[in-house]
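Paired with chain B in one complex and with chain C in the other, chain A is shared by the two complexes that follow.
Right after this comes the complex of A and B.
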């Protein structure tokens, strides 16, 4: 077994840093600049604690406390006319802040406005399910669990949705390697053939730079195929492959290129 | 009333062709390659185009079947995810011998552009493959050519001898 090297600090470790680089910021404007949003924010503030709020790219972003999420979304749906939950998911901030940011993207068709409700949860914490408010949250919360491992309390079927049920690891975490960990690399072999088959089948070939021009087993030039296992040095004369044997095929008329007619006129 | 006439005396005899068991069996096998419908991704669209009227697989005896028990060749057309790997093995095991597998396109050959945790890096890690078709996606002509090469491969077999079953391990 290959030794596992921890990749917990990949977010902190910079691959290359430009000394004079200034990361681009999307400009924020105060909520008071939009009267519809301002009224919405006042309605939320009257009942719940709002940690931060601003307008970014014509959408209001509201930070709330994680325990209020069900009530806030209920208020927005029933009283503020935000009747659609377009999307919800999480963002991995484990390395920077030790937790996840969860967002709910809300849409009001009447007001023609969008609000993004955000909240921060610690690593290992769970959230309240909003599936009873919005049916669209059903699969979104399952996907959030599948990809980040964040459970939604009160969800009717809290299981993985994209990955297999017996999968280990949460693929959208920043610490999850793109090409998979030890478990992912051997998943199908272990499941179908058993762990003993690892030696027979061998590790995955994941080197994208590996090019073997003379690999006769897999990639021969089209029309110049060779049988499996043929040793190719690269100096052989090109020898076009026919799909019929020289002697012809039983009961089938031999195709002769010379007898074929090429139709030049498309309007024939 | 049909106005045709059978000339029994032409070509010096009766309408009888003499051949060997090998050839007649291989003739039958190679000209009725029933393929299992296995479109997994965009290659499946090209596979459907091969079956439709413009390229017309049927004239070669390649008819798509929806059941592995009626199929001779499995055309793996598309990306095989790790979640799906067990099902392709199960379907392959249900096909009757002799059976063949065409791996169609880069994804089925090697995983292709999906060098990620969720993709099987080549369908030959699960089932034995007879023919690899390059391309992303291969054109219907390529698939047609691949099937004709497979016909040639089948004809090279000795049908009267016991066939060694293909196993990955």
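Right after this comes the complex of A and C.
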């Protein structure tokens, strides 16, 4: 029977986990323990619903409803002095909860504080663009769309940024394999040579560590080189490589098998 | 394999014909020598003035965030080298610090001092490289040769330390793998003693140079609001009137023990950025002198530890691994399976030579990060070209790209 592999997460997973192993948690402290954060949280709570809030590794994490994101960030920028949006992206929780967590990493230079505003959206939902508030969101939201397929409403140019415009699939989803999918294997072949050349060229090899010992066309036989195009079926041609120059190299003594001694006794 | 006719027919995307207005679209890059990597700009021109700019990136996209999700934490360290490959130790450090904060490791003092040395050497290397390439773009060949010569000395020192010149991987999660070599301090002191004169040489060549001033002054002016809104950090932000340096404001490592100034300017133009870079080199030298003293004090106090003691996350010293069974077992598990940090999230920002380098890690308790987001400063320093270039002329594009100091390993990741 074939081993079962879950289809909703094809990323690498631990091959062994002790069945009694319980992961520890990164400690969370209540927001009340920090005056500045507490005041900020109160200001947000006064106008918006806060689903959860805590402090983790010196930064406050605030969970809000996805429809409030623009207003909350506006409040934070204009009234709470969080003048910079450092980072914005998503985390794929499709397998566990059927949606994405989106985080906005905010920085206040006056208070020297960082807040992470987080929200959960269902699969297929879009978010409000905050590009009007922070120009930095222009490219971040494009990257988020590029990598997860989450669209930002009201964004002026919602196109892919890192991947080609005509790419299919969203690379950072957990369902997307590391080596790329079927589309990725044929993308460049189709684009450059046309679909009719598929049989001649074959799919693109995206596993860089793959070594094919029968392939004498590409550089797959390092250390066992044969003339290009040699047919290797059954018995391989013996082709021992000799890399050292005649006469030797300065300071380097040539290793001669005949002069060497093999020690049989391991207890020597 | 037979030769297959390809479909890459030449087409003239550089010029659009048959237009009513006078607008021309110029395609700049992705193979332009002054684009500092793979940057493609689509510039809409009225005569020689740019009216609209559209930067296009992604030519160096290697999917590092995806790779990180499929690697154990220590395995990812060499990949971080390939982000900002001009100053790779600062990437190593940003990642190491993020993981250390996630699992709560205490790094021994001697390792901290060595890390600071490496970070500042990297900052100098990066700034020298910036000066060299930007000056070359403007046409100052001499400065290019001078600055590369100095950078070479620093690379020799780093090579002596870790064996690599560009991709160092010189920092580990929990400390540093090696103590500095015997000649390190003497070499570094030699270099630092000469540095003020070297910087003065560059400045003598550039500060009053008419061509340099014409290409730099009042060109590429970024206002404070624009810099903040675009998420600019590092010298880009400091040249626009915000004296924000993470080393000073949110000190990590031992930066709160050393004395240094944060150079800044409120001009916001190319020349202001140039001045900030030059002054930062002086400040880095100042920090390096202090770290030498700190290192010598560590030696005198007999602090020999270089890696944190945390058997769950960090392998024991080599001697223990080779002599003690339990250390060997732990090392084996850490290498084959990898460490399992606790469940949680962390965002850690450090001041890389280019700006705020942030690592966001979401851990679900497994040996692979569940999500790792790399916040690279150059990404937004490229994005800002959209708003910055309109109103400038074509030759200004080169000097503006130069002073933004973007590295495409970091933009595209």
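Assume the second predicted complex is superposed on the first by the 188 of 268 C-alpha atoms of A that agree within 3 Å, B and C clash if a C-alpha of one lies under 4 Å from a C-alpha of the other, contacts with A are read in each partner's own complex, and residues count from 1 in each chain.
Here is the rule we go by: a contact is a pair of C-beta atoms (placed from the backbone, for glycine too) under 8 Å apart; a residue touches a chain by one contact, two chains touch by 3 or more.
Every value quoted in this text rests on a predicted model; they were computed, and no experiment measured them.
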item: Partner chain in contact with A:192 - chain B first, chain C second, else both or neither; value: both
item: Touching partner for A:262 - first (chain B), second (chain C), both, neither; value: neither
item: Contacts of A:89 with chain B and chain C, given as first, second, both or neither; value: second
item: Which superposed partner A:105 touches (first chain B, second chain C, both, neither); value: second
item: Touching partner for A:46 - first (chain B), second (chain C), both, neither; value: neither
item: First, second, both or neither for A:250, with chain B first and chain C second; value: first
item: Contacts of A:184 with chain B and chain C, given as first, second, both or neither; value: first
item: First, second, both or neither for A:200, with chain B first and chain C second; value: both
item: Partner chain(s) touched by A:164 [first = chain B, second = chain C, both, neither]; value: both
item: Chain B or chain C, by number of chain A residues touched; value: C
item: Overlap of chain C and chain B interfaces on chain A (superposed complexes); value: 162-164, 171, 176, 178, 191-193, 197, 200-201
item: Contact footprint of chain B on chain A as seen in their complex; value: 162-164, 171, 176-181, 184, 187-189, 191-193, 197, 200-201, 204-206, 208, 218-219, 222-223, 225, 241, 243-245, 249-252
item: Residues of chain B defined as touching chain A within the complex; value: 17, 19, 23-24, 26-27, 31, 82-83, 85-86, 89, 109-111, 115-118, 120-122, 125-126, 132, 134, 142, 145, 148-149, 151-152, 155, 168-169
item: Chain A-facing residues of chain C, complex; value: 1-2, 4-8, 57-58, 61, 63, 65-67, 69-71, 101-102, 104, 226, 228-231, 233, 242, 244, 249-250, 337, 340-349, 356, 358, 360, 362-368, 370-371, 373, 375, 379-380, 382-384, 386-387, 412-413
item: Chain A to chain C touching residues, read off their complex; value: 11-17, 21, 23-26, 28, 56-57, 59, 61, 83-87, 89, 91-92, 103, 105, 107, 109, 112, 114, 116, 134-136, 138-139, 147, 160-164, 171-172, 176, 178, 191-194, 197, 200-201, 217
